[in-house]
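Okay, so chain A shows up in both of these, paired with chain B first and chain C after.
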Partner chain A sequence: MYEKFAYFTTPQFWFFMGILFVGVAVGLKVFFEDKGFEMNWWKWLLTALLWFLIFFSVMAAFTFLGEGETRGFWIGLALFGVIDIILGVGLWRLLSGGKKVPAKS
Partner chain B sequence: MSEKTDGNAKLSRREFLKATGVASAVLSLAGASAGGVGAGTDFDTFTGWGASFEGGDQYFDRKAYEVDEPTYKKVGTSRRADPRVEGRGHFGTYKKAKGAGWTPDQGIDALPPHLAAFYKENPDSQVAADYRHDVLEPLQKENQKKYGLQWQLSKTWSSAYSAVKPARPDSPPEEWDYRNVPDEALKFKTPDHAAELIKKVAHTFGATLVGITRLNPDWVYSHDLRGAEKGPYDVPEHWEYAIAVTTPHEWGQMAANPTYGLSSDAYNRSSIAGARLESFIQRLGYSARLHSPNSGYDLLAVPVCIDAGIGEQGRHIFSIAPELGSNHRPAIITTSLPMTIDKPIDFGVQDFCKNCQICADYCPGNSIFNGDDAIMTVRGYEHWYLDPDACYNFWGTALGNGGCRVCLAVCPYSRKANWVHKTAAAISRVDPTGLADLSLVWMQDTFFPSPEKEEYYPPNHPDGDGWNASYRPGPEWMLTEKWFDVEVTW
Partner chain C sequence: MIKKDQIKTKKPKDYWNKRAAIFAIVSIIITWIIGYAINNEAPPDCKMVLPSADFCKPLDNDSFEGVIQNEDRTETIVGWASLNEAPGYAGPVKVMVGIDPAGTVLGTYVTSNSETPNYYERIENEKFLEEFIGLPVISPFKIGEEIEAVTRATVTSNAIAEAVRTASYTIAETQLGLEVETIIEPIKFGAPEIAILGLYLVGYIGHRGNFKYKKQVRWLSLIIGMVYLGFIFNIPVTVANFTSLLLGYFPNWRTNLYWFFLMGGILFVSTVDNKNPYCQWFCPFGAAQECLGAIGGARLWSPGKSIRRNLEWIQRGLAFGAIILGLLMRNPGFSSFEIFGNLFSFTGSWPQWVILVIVLLLSLFIKRPWCNYLCPIDPIMDLVLASHRWIKQEFRKIWQLKNLKKNS
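Up next is the complex of A and B:
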């Protein structure tokens, strides 16, 4: 099984992941601007932390799957998923100032 | 938002960037999934099986965890262990006596004096030995006939490891330990040079971890020195230093304990690495004697590993190394070569094992104790200890390769050395509150549960009606039915 996924442990894979992370950051920047969110450094930091938390939650669950721990995979996905959703809702409320912000026309 | 130009829908620049963000996020999460599976299946995270002898990524920087005193305590007058009766020694001596015609009618005093004395002091041990010889062993043979084909491949693989093994000493230490020593020794520049070179070559000989300590004579057995007359002996003066070399079991079969599990692979790798090191040291001009699973021991290996900074003792009494967890087997070389010694380490195993009782919870033989009952004073030292009779009797019960290493398999420290478990171990080491340990123990038990202890037994066994469970299924390459034309009845 490892042979099929060996590429995904290489530095080249992480190079492409880095490019995708830049794409995510650019997309979020435009999205937040269009939503009228006033972002500052610590809001960006929290956003980045949440993104990495989601990313590594998914990766952790799939690592368990790779180890052959199917139960660990499902429980991990559910547990980390709930935590990520709760934190995501909290961050959204924080960024939107707790009220709906009219979209930028 | 789209703009219409000449009747064609076109994305604005902003919409394009947002779409790029969404696509990147989706691809990133797909990458996280694939990367996760890659990390989970990566052979290199089976620590000790790295791409190189040195395997820099495998090793743990012990400097910050070095301590002056090991984590066990000396609490009274110490004495050396008698291998003829202590641990599982009495089982063999008793079997021999029974085989030579001793019967209970003759009375305990007709047994060899050391065994009679031991059984007078430990009557439960005689009960355990009788139970093993009279009930468990015949039943195990019968069950092996009934169910054993399932593990034939792993048994064959296990046996093949003993095809090449170092010799057992057949002369006293003053001869055997010097048998390749030239007239003139090569003098090392400093003890630092000696330690550095010994570690370097030990890795090239196949050792995954190497540690050096001064030999504590309390760890040397009291009787029956290999190659010498039977009976008590003094610790040879030239056994000044001890080098511990250790290697892991193949990880897939280790997790498939007890049935697919076996000791012979790591035993043999460590024995061979140790034998090469013994020869190397002798040829440099210094005495050396290998104590290994294949050539026999004259000492207790686990405390030497702890003194040499390989690891700490865990609740299951084995050494837990930061890189290998519980999954390793040592060989020891005693020598007169002066070397700079390593310090013992304390990376939090004592506290972790107090919180974690998973090995005790799932020990099928009920030999590992829960709570503080597992800390005992044995021969003048306070440390984790277990009931060796109960442990050995489950060895006489489990099918497959014989023996049992469920405690190694369920130990949270024995998980693969990938980013998830390395991060968990790092958090455990730095958290002073113990909360991380409690969370990790809960996760280990919830995410990676073990079968109940009874399930490890064969069906209809008097001590438990199980189904020959293993902690994890046997590795695919070790499944007899995958390769051979056999009727699957299991």
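Up next is the complex of A and C:
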């Protein structure tokens, strides 16, 4: 079991995960501008906090999996996944509910 | 000419509801009798608590003498075993205790219990029964002193301790000739009881009045319910509570007053007020769903009429099936399929975890999905309220008929 999922603890996997997370974080700025969300410092702070939480959730879950702890993987994924989704939906409503600036053409 | 059976008459609104209610009540009575008849317990093996005994001789229905047979065919007593029970959360917990001739507890063994399996598992995992081994037969066996209760299974821990105490004292008095002091548990009236009474009061007033701050008070009541009844005390109303009532299993009133307030309150206020205050005003799981709904902007899902009817009947079927199973096995633990324990005390089976995740995520977009489509409490309360209403109507009819006859 341990060997089966050992890839998730390799530097290569985390290198690709790092690229993915930074890439999406950069893309978020463009996405918000595209959606016409009026962002300010605290909205960015909340977005960054949620982003770190999601990163932590993925990191924790896949570390469990890499070390052969499949039960821990599922529990971690379910627990943090649900928290991330709930906070994500709340944040989305907060961001989308504010005053909108015209989207860049 | 139109035949009589060709005329389609529209069935009254609650035609099927009445028939389903009668079917449910009759089935419950029949299942109760069948469950009672088929659940004859086999006598427990006293070697579980007297391992060195070759065999056990019954002294009476609940006491045994463990003996070993010597080479010269004489017998030596190695101890006594006694069986006793105490009310747990969902029903009686039966415990067998083994005592050696020196008056020390040799072993304890739960021969049967009706507790929710996830909670009873905690007792086994924490090796709670081993805490009694080595204690003197006339110990008070008090939780918090010699014995440490298992967190989130306190009522079951208390029940086991009480059963062990009574069984041990029986042996102390009858076999060892010792005098024992009867211990009466003090009446426990604290924060959970006050919280429940307060919440019922708020719910009752809130239902009736149409005051300015009703919305705010309801939210406050919901949050208090979620924190107190959910996360802190973990005592939401479950279908197992109703099965316990039907089976006549009541926990010790001195130590579980909140149970009587919770169940008595929901039945009393509902029948007096004709409305169910618990679900809408302080159900902890309902409150959790409403909080998520507030985050996600949930709306009431309104499918077509036929889908809604089908979902309603599925919900009723689940509640009915759960109660029937609990009655048939004479174990309220079998009735429990709710996911409250998963959220509030992090215990449950993996299918329950999957359902919890789905329900929590749905709650963000649909108003109270569990309450509206799966919760067994709602159909049970509907049945109670409808039965109460119909009985009242019938009595009124009889009364009017009687008056009519009198006047004519």
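For the reader, a short list of remarks on this structure follows.
To be clear about the criterion, the second predicted complex is superposed on the first by the 73 of 105 C-alpha atoms of A that agree within 3 Å, B and C clash if a C-alpha of one lies under 4 Å from a C-alpha of the other, contacts with A are read in each partner's own complex, and residues count from 1 in each chain.
FYI, a contact is a pair of C-beta atoms (placed from the backbone, for glycine too) under 8 Å apart; a residue touches a chain by one contact, two chains touch by 3 or more.
Given the structure is predicted, the values throughout are model-derived calculations rather than measurements.
By the document's definition of touching, neither partner reaches A:49: not chain B, not chain C.
In the overlay built on the shared chain, the residue A:39 is in contact with neither chain B nor chain C.
By the touch criterion stated above, A:64 is placed in contact with chain B alone, chain C being left untouched.
Contact comparison for chain A: of chain B and chain C, B touches the greater number of residues. After overlaying the two complexes on the shared chain, residue contacts for A:16 are found with chain B alone; chain C is out of touch.
Of the two partner chains placed by superposition, only chain C is touched by A:78; chain B is not.
In the superposition on chain A, contact is made by A:86 with chain C only, not with chain B. For chain A in complex with chain C, the touching residues are 78, 81-82, 85-86, 89-90, 93.
Of all residues in chain A, only 1-2, 5-9, 13, 16-17, 20-31, 34, 54-56, 58-69, 71-72, 75-76 touch chain B in the complex they form.
Chain C contributes residues 292, 295-297, 353, 357, 360-361, 364 to its touches with chain A in the complex. On chain B, the positions that touch chain A within their shared complex are 14, 17-25, 27-29, 31-44, 415-416, 418-420, 446-449, 472-473.
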